[in-house]
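Should a chain be cited, it is by its letter among A, B, C, D and E, assigned in written order, with residues numbered from 1 in that chain.
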């Protein structure tokens, strides 16, 4: 199928059509923050800038019920209790609209963990299968953007199903995946003119050119391992970290979770919730021992995992999409770019340690 | 966990308005409940046996009894589960009688509420842990604070029972208020004559250490192991040397010193022995009036002292005593009656307090037992007694009856007639309160034999006129105003806690009321105990009372101490706070608020952590409510136990809304 | 010294029987740096007739004065020399703090009461508290030497204490202190707050003769040469009825009864006529001549 | 009175729990809504218990302890007084009517007073009706408000 | 001498006795400063100071062992946190050197973002920014724009009563001696809304919360941190679910634990990556603390936090009234 064109005036018509029988998540403004919310009539998507929270919840909810359980008693012998378990998977058909290339690409990092030949997480896999990404290509980078240094680009279609590129009066709409093609069959979309296609091509090139110079983060894998025991280095780079979880929870590639049973009375549920390696509890052992007792240990893990251990396990790809949220939204501006560059012994731009 | 639930009928007390069987049936479906039944009287012998059998047969590891208040039978059932082999703390009670069946007749609502209370108890019990009391050694010495008749009695009884006693008295002699009294009611026998021998016994008893002219600075520790710092105030006379010969008194040129013992009626010498029977009979210098202290000159007493006991350089001395129990018997003081401006507010010399009048009556008093008006030394012919000055009077913040004033006023009216046969006495009273053996008969005698004129009514004002005092009041029985011209007016001033009582109570960590009287543990059943283990009260420190009652309390407190010390070891209540060292961040906010000083800092691997001194912890849980990270938890009332009760209630609400 | 400004409520007796009290008050206050601004179009405080009949009526009568006083700018208090007016104004103000009572009273008023009401004080109170004894002592030109005077406060100046909020209700000292500041000798007098018989003078003269007689007797017994009061009614009973009292009790009192403002005025240097002394029934001329000589 | 509401009481063992017992012994009839949690002292009450209970769906919370100066532990209720007053004043900002929470002092001898307290508080809570819960109720309310503003 | 130079000189003077001095340095773009940790004189070049020095550096003091000697640069508001930490004996006075300066205020980056957005500019794409006098000039995407500073100051600065550090060992520059009024009008305005609207407000705001605990960890007085009651099961106050009920419960915990201690530095709200106005809850408590106990936290190192103290007769609590 050839590319389509979406006029700005037809945006809500298409969104309305997409929302038929589906949940469509769009970036909207709430008290200064831009977050993904279900689309409804009158919803005004914010497409001028990157959303503050990525659309991670669409596939990987912050709380997910894995199963329900209940106890029942033997009427003859009250002390004898039977357990009844019901697995629950909730995978509503969803379109994530208006995310950026980095947002969609984040899930490719998840896929290598949760949906492989050997291990398939049914909760994740089913949600992933029921969710499509209509991604908006970037034009101008924000000061925290560095996708081009982690093997991506502002117009990267990896992980998306449909890619929108801004052109005069609207967007060029291109299907990326087979599933994406189906979405293009909509009255709101017109066939794209050649001029529009040319404009889009130029816009993509311009967007790539607008990025700050790329530096190849791949060599960081080895360098970070070298620094594994250099706690002086990690103490220094983590000095200003306050150990909150903003960076990881807002990261499109962070996929860690914890599992808890929440019980009340004779029934309960097992839930999976987001967890963050920046938290003391993440590695706290029942004995009270904690292999990552300080924020330096924990920051080392975050950086190390993304730029070294993950690429090592998965043969190459970096577990960072370069979206820059961890920098932009960090209360104290811890800058992962700087840490990686310091580890690689490259010059750094800002004044202090990251 | 396997929990057994036992729902008590309490005859018809509970079963009358709660469907007991239904509660038991529904309890069977509660989590962790492995057995539930109803029982006629859970506390009865068969009831308790039923609980024990169920625990043993069903292999239960906890029991909930839903019956009356835990304040009543909590300990009973704890012993029951202990007899069944469980830890007594693996037990909870649901109060479905006082809090359910007795306060409403709606059986349906009551049944639902009873089930909720059972549900809460089960939820809490599921989080109970076995707790174990610890034993600790006790120091079998006792501290008695206050050397009035109650303190003397307590000290002598303890000492006779073989205990070592430390008696601390604030003034320079023991004897207290009783020593100041002339006679006692209703027998009209000489106060000092009956108290004197007891005072001598104190001085001579080998088991009693007496610190007169001393006060308690600090008390630390807990039952069985108190450390007490006693401050010996300087008397400027070395009491080891002083023989009490009195030579210094005779020669002392400073004869205008305020006479504390005589309630400031008249004056005395700056170096002084308060009264002839004083114990210890030792001189002491009132530095405030002594010429030597004021001007640096004089030194007469030092010159005349045959044993060279005078030491103007004497400093306060702190002595530390270790004891296992404390009896507070610090007595009372008269309230500040000068708030009564209508009685002259202290400006009229011949308007005096009853205690001052006692000194005027006493042969050892400043007038040698002759009643003389302070203003001009004349013998009064008309004496007016005003009762309830600072008692039963809300307008001056003294709503209570001081109890003994009616009786001593009658006594004083009688003695007035004895001393001055041609005198007339008037007594303005509100009600005569004379419950006691021979008491009412005594007041009748004052009226009938001694002709005291009792006028039922308050006095509105007293004012001087022509060298006498016009006492204007109302006679509520006659319904008229009355005015009496009196030569002397005696005020029956109400009692309040002794000066400094509140301060001492805080050191002892016991509560006191707004009048400075100490709170007993139970107004009826624990009259001499306090809420701090090992601290007892005797006499007027707990509230106004007469001599026989004070003596009885002194003996009662002594009996309590002797019983406490009959064991070699005490058991500590295991419902104390406990610190999760891993989670404590050492902010020590718990220690800042602990009312008992039971939390101290400790260092664990270089980090500051809180530590609970279990024997000092009283189990209030203030620290748990204070600790932001919940690292210090009061055992048996942990956050999780309370949250379980709350959540259980909210869950049942939830089910209702869903259903 | 900054000027003290007050809304002034003269009260009805200030226009009649106690004109000299009003006169001397105005003169003395001015001399002490106090500015009095009469409440515009003031009316009866409610006094005895209204409050014995209907407390809302009494409240409304006083409330109107309180509202009128609110029009005066730059004052912090309403003052009045008369204890009876004071009691009525203060009681009304006290009750008006209750919204229900205020609503009832407002039904009767053309201009309802809104928001805060100015505090009400006696002239005596502001002289003691705002001017102060030190200032008074400093301003005395002619000390009242060799005069022994009994301070008589009357029964309502300080009662009920919760409403009047000034001095002790049993043993007030304000007049004592003023006399002392003026250089006079304070005669011992322990019936400071006794009743003079008040308005029984009209209906049951015997009561006034008995009660006021007792006051005069005690003052005389304690060698007082005069009495001082702060109340027009007390003054009238003791002064105008002194002869009746003497006749009824077979006594011979010649006891001048001053208003305290008159004594302050004399000490500050005002003339006898400026203080309206000629209006007193028992003439103080002899006493003052003796003291001066 | 209308259908029972969920009222949770936190009572100190020494005074108010005893007071409630005394009320029972005296057969002082009370509404049945209240469920009592027994604690050693009002000082044991973490203000968070109150907040947790109210945001968790209780319609009312009642705390009662020993009268000030009468605390079994001397000082517990003094601290409680400050903390509970603060929590009461905090409620309006989170959208909970402060009338849903009261704290008071009832001694072990004040059975009659306990009855008055329970009756008064129950009535007060009934006047306010069932509480809006955070979560579902409030989300519906938020949506409703958003719709009315749009 | 400009204040920054004075500050550098003051730090240089004290540096030999200190393990580290915490100040601000340039951040990742023209609109950000970031904490810097100065251990040598060479590091002093990194130091900057100005309306972007938003972080409250006092939050780091309790992250070091009490025995370390630490210097910290503080704004007026930050200094109150230091006082509060001293008051609670969470830091050792002798081991902390406080560098104060007259603080004119800091900008609210959220306001900057919105105000420039109205001019069609993205603060996130800033290339240059300057704060001169009473105007802020920004260049972004090739466009330049300018706004009055009056529109950009953080709310806390507009109501600031402590521009000059309330405690300092070294104070550089002239004290401003300025004091604004703060009658807690924002709290009153919020509470004037209908009850249901207030609850719905929190419901909506908290639905955005990602439970990252940036609010808690940025707070200089939240010293439990790793041991926070919200993240344990012993005790188990908050379940692991991420519903609004649970997330709001944490905010109530935070507000309760700060009652009488919060110095209103506003870091909780500033740190929130999703813009939840949680300072309001703390200001509400502070308003009541002020009314009840006439007390402001972080002013007097010798005072006792009012909720860790009591009076036998409380003047302003009429608990018997009910």
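Going forward, contacts are C-beta pairs under 8 Å (C-beta built on N, C-alpha and C of every residue); 3 or more make two chains touch, one makes a residue touch a chain.
Just so we're clear, the structure is a prediction, and the values are computed from it rather than from any experiment.
Chemist: Spell out the chains that contact chain A while also contacting chain C.
Modeler: The shared contacts of chain A and chain C, listed by label, come to B.
Chemist: Not counting chain B, which chains belong to the same connected group?
Modeler: A, D, E | C, once chain B is excluded.
Chemist: Going by C-alpha centres, which chain is most central here?
Modeler: Located nearest the centre of all protein C-alpha atoms is chain D.
Chemist: Looking at A-B and B-E, which pair shares more C-beta contacts?
Modeler: By number of C-beta pairs in contact, B-E is the larger.
Chemist: Can you name the chain that lies farthest from chain B, using the mean of each chain's Cα atoms as its centre?
Modeler: Taking each chain's C-alpha mean as its centre, the farthest from chain B is A.
Chemist: State, to the nearest whole Å, the distance from the C-alpha centre of chain B to the C-alpha centre of chain D.
Modeler: Whole-Å distance between the two chain centres: 33.
Chemist: Which integer distance in Å separates the CA centroid of chain B from that of chain C?
Modeler: Roughly 50 Å separates the two chain centres.
Chemist: How many angstrom between the C-alpha centroids of chain D and chain A?
Modeler: The answer is 45 Å.
Chemist: Show the residues in chain E shared as contacts by 2 or more other chains, in ascending order.
Modeler: 204, 225, 227, 237, 243, 308, in rising order.
Chemist: Send over the residues of chain B in touch with two or more other chains.
Modeler: If we look for residues of chain B contacting two or more partner chains, we find 582, 593, 626, 639, 643, 647.
Chemist: Taking each residue of chain A in turn, which ones touch at least two of the other chains?
Modeler: none
Chemist: Using the touch rule from the top of the page, what pairs of chains touch, sorted by label?
Modeler: By the stated definition, chains touch in these pairs: A-B, A-E, B-C, B-D, B-E, D-E.
Chemist: For the complex, give me every residue of chain A touching chain E.
Modeler: Of all residues in chain A, those touching chain E are 30-33, 35, 48-50, 52-53, 62-63, 140-144, 236, 239-240, 242-246, 248-250, 258, 260, 262, 271, 273-274, 276, 279-281, 325, 327-329, 331-335, 338, 349-353.
Chemist: Could you pull out which chain B residues touch chain C in their complex?
Modeler: Against chain C, the touching part of chain B is residues 340-342, 344-345, 461, 463-466.
Chemist: Report the residues of chain B in contact with chain E in the complex, numbered from low to high.
Modeler: Result: residues 580, 582-585, 587-589, 592-593, 626, 628-631, 633, 638-640, 643 of chain B touch chain E.
Chemist: Mind pulling up the chain E residues that touch chain B in the complex?
Modeler: 88-90, 223-225, 227-229, 232, 234-237, 257, 304, 308
Chemist: So in the complex, the part of chain E that touches chain D is made up of which residues?
Modeler: Those in contact with chain D are residues 187, 190-191, 195-204, 207, 237, 243-245, 248-249, 252-253, 255-256, 259-260, 280-281, 284-285, 288-289, 292-293, 306-312, 314, 317, 319-320, 322.
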